[in-house]
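Following this message is one structure expressed as structure tokens.
Chain naming follows the written order as A, B and C, and within any one chain the residues start at number 1.
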């Protein structure tokens, strides 16, 4: 069996688990089951779910915030100020939500099955010129921030002006946006850190959620061995991802120094203020809106919270 | 470009249908142009808001993306009517009479094959983003202000369907020219030299009246 | 059959359809669609009952492309820049510019033709599209040249060649397309185009003067304008200057600090100013409507090629042809500069058969990474690189070279879009006439390109300041 896998951008920390998965699967099946990983060749990054639904390729990665209406249920994972603080917590929370029937059902509409998440640290923003280290500076700021992050910035007067990650550098360079919110690896991979004068070290408003999915028909037509190889490789692939990302985070400070990017600390008081307007109100609004659309929104929200507590209890 | 449409007209049913469709196509092309103008207005509003009042236009990128299919695709059939899509006419330019109409018929037919397939494919693309049960019928939305994307996606199969009708008329026109062995048939864009001949003939006719 | 073989077969089929005179946009789309069907069907070992599945997947994959690829903020620059060109024409700015150029420079040998070149260069600074520039100057400059006895083919050739300047001198739609494909900074690329564009204009001018001095019966110089007449010709052309300044500030702030916005916004503000001018000059709804329909036609024509070719490129993605090509190029054992020159020559050959935008869209995803690799990679320093420039500068340099090649292709037969446009606007001229008239400019372009290869500084000086 040969699978086509649709990713975008270029190989980076964000896609390492997919490469690891391909490696493991090929190894375990003695080369019977291989994966062909394509960066942007098979689909537009906002249409990977469409491609899965059509059956054009068998596996793909996408981000919930690129098209909230395609994946309402998992947008819970992109709500701001949910209190997730490590990649391990992010992984646990994501997989708990992916296993919820509401998510399974919604993904099944796209002929898709959740395979694993691509856990990402808290998003922080880079910008040029004077650092924006007070909430007042966010007023009228055009920020590339998708999903719930965008909502949080909107709550303090910023204007989310978003493009996909591959277009973010151009948007910043070309003046479409003033600031870009990304995880560290993306600031590196998409070059926004090269353009930046400063980076907010502790804004931590939340993150985005980008699952890897497989086409259900393709998954079901795998042989027993192949399917076992795929399923059993997920935890290993995630471990590899976490280790790799950990290294990146460990050398982050030197990356900033190399590129002459100022590390901006925002005061506790300002952060509290941000969370007050950008946290609970947006979470509540989400629960109300999604409940109105017939989703078990409260249940999903509570699932995130309880998984988080559990995760902290065991560690 | 290709300012003067080299499409001849007469009182036949084919030509009447051609002109009726051409009127509709012109409206679609004008809508394309108006939205190009709208793009300009949008940018002016955005720049003024941002620099004058520190109020960037929310969803600026979302709106642009929603406009683009209207600008870039809606009038496609109008351009086809006028023979405005570029091609290499070194071979067809050398052909005359039946051989020319046959070549035109074949390439036009191939375009029709593509367009019928794309009506299907772009409709499916629209259909995946459309859901009667969902709020605003939307199952696909833009990044910042959550605009439903289905209206913009619907533009494509509509424009391509009109294009299919146009292609059928052109096939009829070329087929008729081939069967009857016409010099200058109606309802199809003529290769420049043939158009010149026809125009010259028309002028002569006028002179004699 | 291997995907790469399918890729080659389908590419051959595409060329046949194009040569037989099928509209390029649709030939590319059909080739891509059929290629997709083939590639999906081969995965099911050509099982008859699976053909329906392969067809459906291919059609739906191709059916995404038109909407998904045109819905782009970056590409919105194209209709904006086209609109500005047509509005300027209807506002009489183009004529004013030509009139001013005529009164100031037409006294040199080959005067009107040289004036046309410099008027197109000036107009290039507000127009982003070569074909739009060629279209408006075909209406204005050719009749004037014919009046004083120029050969009509040469007059048409001057306009077709002059039009190509619009894609180097910023703003430029094609430079934006390049920037998008290779993910480089639009602003720096636009800046980089300025000097090569002006340089090209001077080479054209020198060529015309040379021809005028050697050929008898060439168009006469037009002299006898008083200084008063020359001065009064300036104010009507001034709005062009205003628009140019605004667009520059939106691309790059010469006084330091941030640019005022995006190039698209600059173009839109420029278009708005020209629109107000046109209103003030008494433009009515009828004329505006014409400008809008012309804008729509040209935009749709360009975008059709974009999505058509991208269906084909999507197929190439499934066929893995770009990877194969990239590996092959970088494995060659020749000096990098020689390979680069060969690539440019290949563009000249390809350009004979393809239009500029289609060619760039089709080739860059494959060729650009190879060129960057030749230079030593994206993050190479100037000292360690093959071409003596860092990765960013190499991307800019190659971009300008490729766009100049693409512009060259706009005037080469058999598909030279500018020549088609001039012939389309002037019913008394056939495409063959225009191609014949534009031939001398091939030499000028060859000289320009060689100099840009030999002296990258012409390209890189301005962007290195930004």
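Keep in mind that, in the parts below, contacts are C-beta pairs under 8 Å (C-beta built on N, C-alpha and C of every residue); 3 or more make two chains touch, one makes a residue touch a chain.
As the structure is a prediction and not an experimental result, all values here were calculated from the model.
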Two chains sharing the most C-beta contacts: B-C
Geometric centre: closest chain by C-alpha means: C
Interchain centroid distance [CA atoms averaged], subunit A/subunit C, Å: 38
Inter-chain centre distance, subunit A versus subunit B - centres from mean C-alpha coordinates, in Å: 40
Distance from subunit C to subunit B - Cα centre to Cα centre, in angstrom: 22
Touching two or more other chains - residues of subunit A: 50, 54, 163, 176
Set of subunit C residues in contact with two or more other chains: 60-61, 64, 68, 73, 260-261, 265
Per-residue multi-chain contacts in subunit B, two or more chains: 50, 61, 124-125
Touch list for subunit B against partner subunit A, complex: 50, 54-58, 60-61, 124-125, 128-129, 134-135, 138-141, 143-144, 146, 148-149
Residues of subunit C defined as touching subunit B within the complex: 17-27, 29-30, 33, 59-64, 66-68, 70-73, 75-76, 79-80, 82-83, 131, 135, 260-261, 264-265, 267-269, 271-272, 275, 289, 291-301, 303-307, 353, 355, 413-415, 417, 420-421, 423-425, 427, 430-431
Footprint of subunit B on subunit A - complex, ascending: 50, 53-54, 65-70, 139-140, 142, 146, 150, 159-164, 176, 293
Parts of subunit B lying in touch with subunit C, wherever the complex brings them together: 1-4, 26, 29-30, 32-34, 36-37, 39-44, 46-47, 50-51, 61, 64-69, 71-76, 78-80, 82, 84-93, 103-104, 106-107, 110-111, 113-115, 117-118, 120-125, 152-153, 155-156, 160, 192-193, 195-196, 199
Subunit C - residues contacting subunit A, complex: 40, 43, 53, 56-57, 60-61, 64, 68-69, 73-74, 179-180, 183, 185-187, 250, 258-263, 265, 314, 316-318, 320, 322
